[in-house]
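Listed after this line are the structures, all set down as structure tokens.
Look at the two complexes coming up: chain A is in both, with chain B in one and chain C in the other.
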Partner chain A sequence: MRFTKLILAAVGLAVGVSGFAVSEAKAAEQFIPSLVYRTGPYAPNGTPFADGAMDYYKMLNARDGGINGVKLVVEECDTGYNTDRGVECYERLKGKGETGAAAFSPLSTGITYAIIERAAKDKIPVFSMGYGRTDASDGRVFPYVFTAPSTYWSQASALVRYVGSEEGGMANLKGKKIALVYHDSAYGKEPIPTLETLAEKYGFTFHKFPVTHPGLEQKATWLSIGRKLRPDWVFMWGWGVMNQTAIKEAAAVGFPMNKFIGAWWSGAEPDTRPAGKAAIGYKSAAFHSPGSNFIVHQDIFQHVYGKGNGTTTEDLVGEVLYNRGLINSVFVSEAIRTAMSKYGNKAMTGEQIRWGFENLDLTNAKLSKLGLSRFMKPVKITCLNHEGGTPLRIQEWKGQQWEFVSDWIEPMNDIVRPMIEASAAKYAAEKGITPRTCN
Partner chain B sequence: MLYREAGQFKTSYAKDQAIFPILQDRVMMVLMLVVAFVGVPMLASEYWLSTIMLPFLVFSLAALGLNLLTGYAGQLSLGTGGFMATGAFAAYKLAVAFPEMNIVIVFLLSGVITAAVGVLFGLPSLRIKGFYLAVATLASQFFLIWMFNKFPWFTNYSSSGVISAPPRAVFGDFFVTGSSASPANKYLFTLVIVCVLALAAKNIVRSHVGRSWMAIRDMDIAAEIIGIKPLQTKLGAFAVSSFYCGISGALWAFIYTSSVEALAFDITRSFQILFMIIIGGLGSILGSFMGAAFIVLLPIFLSNAPTMFGLNISVDLISHMEFMIFGALIIFFLIVEPHGLARLWQIGKEKLRLWPFPY
Partner chain C sequence: MEFLTAIFVSPFIEIYEYPLFFIEVVLGGLLAGVMYSLVALGFVLIFKASGVFNFAQGAMVLFAALTLVGLIEHGFPIWLALISTIIVMIALAMAIEKVVLRKLVNQEPIILFMATIGLSYFLDGFGQTLWGSDVKVLDLGIPNAPIEFLGILVNQFDLVAAASAGTLVAVLAIFFQKTRIGRALRAVADDHQAALSVGIPLKTIWAIVWAVAGLVGLVAGIMWGTKLGVQFTLTLVALKALPVLILGGFTSIPGAIIGGLIIGMGEKVAEVFWGAAFGGAIEDWFAYMLALAFLLFRPQGLFGEKIIERV
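Let's turn to the complex of A and B:
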């Protein structure tokens, strides 16, 4: 009996803390699903992203009453970064709301792969921002997938360009050794073909070091990098606990931090803070600014945290992954807004939001109107190019915060784009898809 | 009262050897099949079919395969995930290399390939047993996953190492894989495969093959003395078990998630299936299904329950509660009935046969 009482008390407490769902009868509501992971080995990185994504929607609801008067209803589903749970979440949420799910952002390359076909069939856009299937940037073969603002392949080429400029010119890359430490999964393997192509073109040697999930054991990897191979540069495609472990191990073998560059998923506070002083000087790519000195953050402080409605605590607002979650929500809500400009101010269907994504043009003027001036570069998505292809910047960990150390670096679109189109064409042939024409 | 079998006489050997000797069991089985084949596809929503029934069937098949090996032949294996991956990748290579080959043949051949791999990794079982064998099969788990990750040939040089099922039909327009396949088609196809293989498994374990497995399990020296050859018997068990696991892996990759990376079949998958047969009941066909239902359906139910009852709890709390309740229930069932859910059902049946006059 005591046991039952305990459980009842626990449930009661949980309900008390979070409060009951308030369901009011509203004229128009847009349902937005949010696949998150606040549990599991990737939770330290998944949680700030989910918080940022949620806070932006909350701010839109509090400040503007939603988008053009249509209130946003957001429901989270915890995937734990597991592909099968992600599929379950997708199926659970896709039909909710009066017009179904707006768009899915699974924040996992594995889940993205699993829902690409389902989403095309259900006519719901998949917005995989800077992850997922790179060749899905070809809008002719993948009408429902959007990879804006950049992809792993573009990122790899931008990193090589950055290394080239640090070495004093692309010609100096000849004979250099570049190593890639990667999460041995769909995510970590994505940049390999690009780096192999670039190695051939610029004459550097490319070495692969896979790390098995979840990546807590990297001693052998770093011994062979730091003592045997001694590469000139190390790139890292890591996620979750793998990142901080890699930084600690790199420091342990004395690999210079300023030659160690992470992908944009390997450069956030949860990755560098646990490594302490060892992480100072570690670099990573980024397509947006860190910090909370932007107008949009002031709005979030005022309308969300000021009313005690925040998802996290105020000091965590403006962390790298928080800002990335926020940007994810900006893209989704702006796609909805664009769709409304054509179809009217009511709840949009997935098909209409797909049109909104495809005609999304985030100019500098629009970004500053959103309170995001200088936060990121403008992005324009077209029917043909679902990536947009913004330039990247390199940021460096200074011990307390991330700071930009480079200017904006353009990806090598002339090399990456043909690879994307060839890969998409191969996929279309395998699946029996006839690519649509873009005019 | 329900199970009173007075008046049911067995007048021939065939009747005596029937799978379900009691009339009530036969009636119930037919009813269940009718519900599964007609009722579920008609009534269940897309969500139910594709995220609850499909994984349940796929996991049941894998648990069935492991139960044949561990429950009946007594060979503890931790390589189930590796064998499922073998089935998935074999089916992918076959389906892509021979586009005109029927999907049923693809699945059967992938099962045969997995059986061969299983025999190879079953060889250590001739010398070692128990926990030591578990470690040896663990090696197969890690080796196979490493192999599929390492060599891009297995994924047709896909940049991310993910295989994605090409669209295939069993006959005519009855597509079971790819985006044009409806959840009902997928469900029916999987159900037919699982039913046929479950029936085969039931008959294998009642035949001399299954009896020799059980003899080996109970005491291998004694079994050898009465004339059972350990080599053929143990390797046979590995082959049949891997055949089942391979087909289950192919179903997972092609029908359930329709795209898969080797990471989906890592060591946690092997443990998950081992837990299914421990909770469901070692050495029981029914137990494999019960265990799969428990391990697959319960977490989904637990994560849906708060919203079903209108409670607004944050998702991380739901996930953590799911872990706690699920763990507590596993311990609860293992304390109440260490022989698994199938044994509970058996006890219940015994009681029903005597009811209302127990002695």
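Let's turn to the complex of A and C:
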């Protein structure tokens, strides 16, 4: 049944693509590459993200005819979450379309690291939304990398602030034990400098527990945590199967779920559902709402799924990672729109879109206009600050869905920003880059 | 100096000071090892009967689990889904024998190995094409909560897994020792030519052994799928079985069990007590180091057949 549907879909796609190319040959088109992973061990997490990202572009094309009359042409390239394949995809897609690739969103910290220098040379923005290299938030050193709306370092600081509030004040963190279970990769290691700095500042002890890819077996890790260290809180920087395994193993050693908080890449339905009842009470960070009760989703239902053009099934619209993919596309499309406000309504080059990103101001009014009212906090990107420093919230798994259990929590920008600038300056010195001036 | 202390002093002090915790880690490791043995058994069965290292065993685990959970999702009661999956795995074994193996009789083992690599990719893709690549929940009602016994924490799920593996080994032992087919399988394993000369049908035996390996894969898929959710990653559990096979020998069912227990216990003890000295996350490579260390003394593995060639 599914096989037949796949064949039909492939035939439909082939016919559709060729038809599209003929009928729209003269219309302006903006090419947007989409690095996805619908295959491999991380596919259960990569697929909903890719679906959300694709559906938003489809909706813009169907509802508005693209952006200011410029149709969006999106091509996926499956990286399988492998850095080498990610670089291959980048090289294959960077020159496509009449003005080249609009921006790359690798959805992998490893791939982001690998293409940062190439993209700067090729003048194509890299939009690593909530992942990637945190110090790339310094726009003076990394003009082509954007990390909005927040970074791992900001997230780590906000998590410590949340834990402080749960403990009755930051002063009460003194003497507490906080453990970090992390994917032993560039991604998983990102929050370590921040947590080490904050441990020194607030007097808690910080303990690290790396987990080897893909994280199938964590019994030793959780015996050490749950039976030996017995920390007050555990943070997790996991991805894919590592998350479910960690939740199950934490439950197996009796570690309380309400003291276990995942990063925003460790807090989606594919992470908690397979863990069953053991996951109830587990928390994670989030910078946007879950659910499909927003105007943007109604537009997607009407203009995409209503016409039988949905990328996934309707019941999956509004899941955490679907919404994150959607937000990714909102940022990219709004950067293109902002660029058009300066350069005119035509296909934009990567360099022009970089300007669009740098002048992107998603205010409450703007978010409301996009059908995203109360979906996320406003974000303003500047030449100097490519992050925006958006606050985050803590959500909790209730067994069937995620619900917010905290208000918005501000990251410790006073601590994180100097760290970002110091790290970026070090990178600039290593690479012989002269930081540009931002006025 | 600090590094040497972390290797030769601190772990032993810790074990001395926290003996119950040490027992917990050993027990946890043994139970994890049982899960590795479940996967290793499938490899052993096929290697024993045909001399083929079946690269597709991980894919068979995934395919079996995907089929089972897919049928349950389509409204099949669990018992019917289980029977249907068993039938599918037997049909798959027959198809593999007919389409892949039959054409390769008398070929070099490396050719058969290459064929199983192809088979692995096919099953990975075919399974996901049929049933999708999202994570599927397999809930058989096995409790995951820990129980405490004499101050030692044990996970109920691990106990159920150990009981399942034990039952499976007992059934396989009876099958191999007491049935006609089992004796024929052993004869084929000992000498293909001799078995053929006394009228044992090699093709039938291969189909049977692949079917049995498929059923072992189904049990492994159920246990691992219940633990992790049924998803592509299940194919990677095969990697956990490799050091078990190296250590236990490729031709011994008891070797797969004992090897699994040693590897499981060794890697957990190493990770918990020696991991910090190396920055953590050592259990994966430590398992291979442990297996290789055994090979220095028993090149054929702990229970593998010693090959004596007269020239």
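One rule holds in what follows: the second predicted complex is superposed on the first by the 414 of 439 C-alpha atoms of A that agree within 3 Å, B and C clash if a C-alpha of one lies under 4 Å from a C-alpha of the other, contacts with A are read in each partner's own complex, and residues count from 1 in each chain.
As a convention for this text, a residue touches a chain if its C-beta (ideal position, glycine included) is under 8 Å from a C-beta of that chain, and two chains touch if they have at least 3 such contacts.
Being a predicted model, the structure only gives us computed values, none of them experimental.
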| item | value |
| --- | --- |
| Which superposed partner A:T39 touches (first chain B, second chain C, both, neither) | both |
| Touching partner for A:G308 - first (chain B), second (chain C), both, neither | neither |
| Touching partner for A:R133 - first (chain B), second (chain C), both, neither | first |
| Touched partner set for A:R273, first chain B, second chain C, both or neither | second |
| Contacts of A:G168 with chain B and chain C, given as first, second, both or neither | neither |
| First, second, both or neither for A:D184, with chain B first and chain C second | both |
| First, second, both or neither for A:L223, with chain B first and chain C second | second |
| Partner chain in contact with A:P210 - chain B first, chain C second, else both or neither | both |
| Intersection of the chain A residues that touch chain B with those that touch chain C | 38-39, 43, 47, 184, 210 |
| Interfacial residue positions of chain B with respect to chain A in the complex | 46-47, 50-51, 55, 96, 149, 159-162, 164, 166-167, 178-180, 256-261, 263-264, 266, 300, 303-304, 310-321, 323 |
| Chain A residues within the chain C interface of the complex | 2-3, 6, 38-41, 43-44, 47, 184, 208-212, 214, 216-217, 219-221, 223-224, 227-228, 240-241, 244-245, 248, 251-254, 270, 273-276, 278 |
| Residues of chain A defined as touching chain B within the complex | 11, 14-15, 18-21, 36, 38-39, 43, 47, 76-78, 80, 83-84, 87-88, 91-92, 95, 109-110, 113-114, 116-118, 120-121, 133-135, 184-187, 189-190, 192-193, 210, 213, 423, 427, 430-432 |
| Parts of chain C lying in touch with chain A, wherever the complex brings them together | 18, 21, 24-25, 28-29, 32, 128-137, 139, 144-146, 153, 155, 157-158, 227-229, 231-233, 236-237, 240, 267-268, 271-272, 275, 279-281, 283-284 |
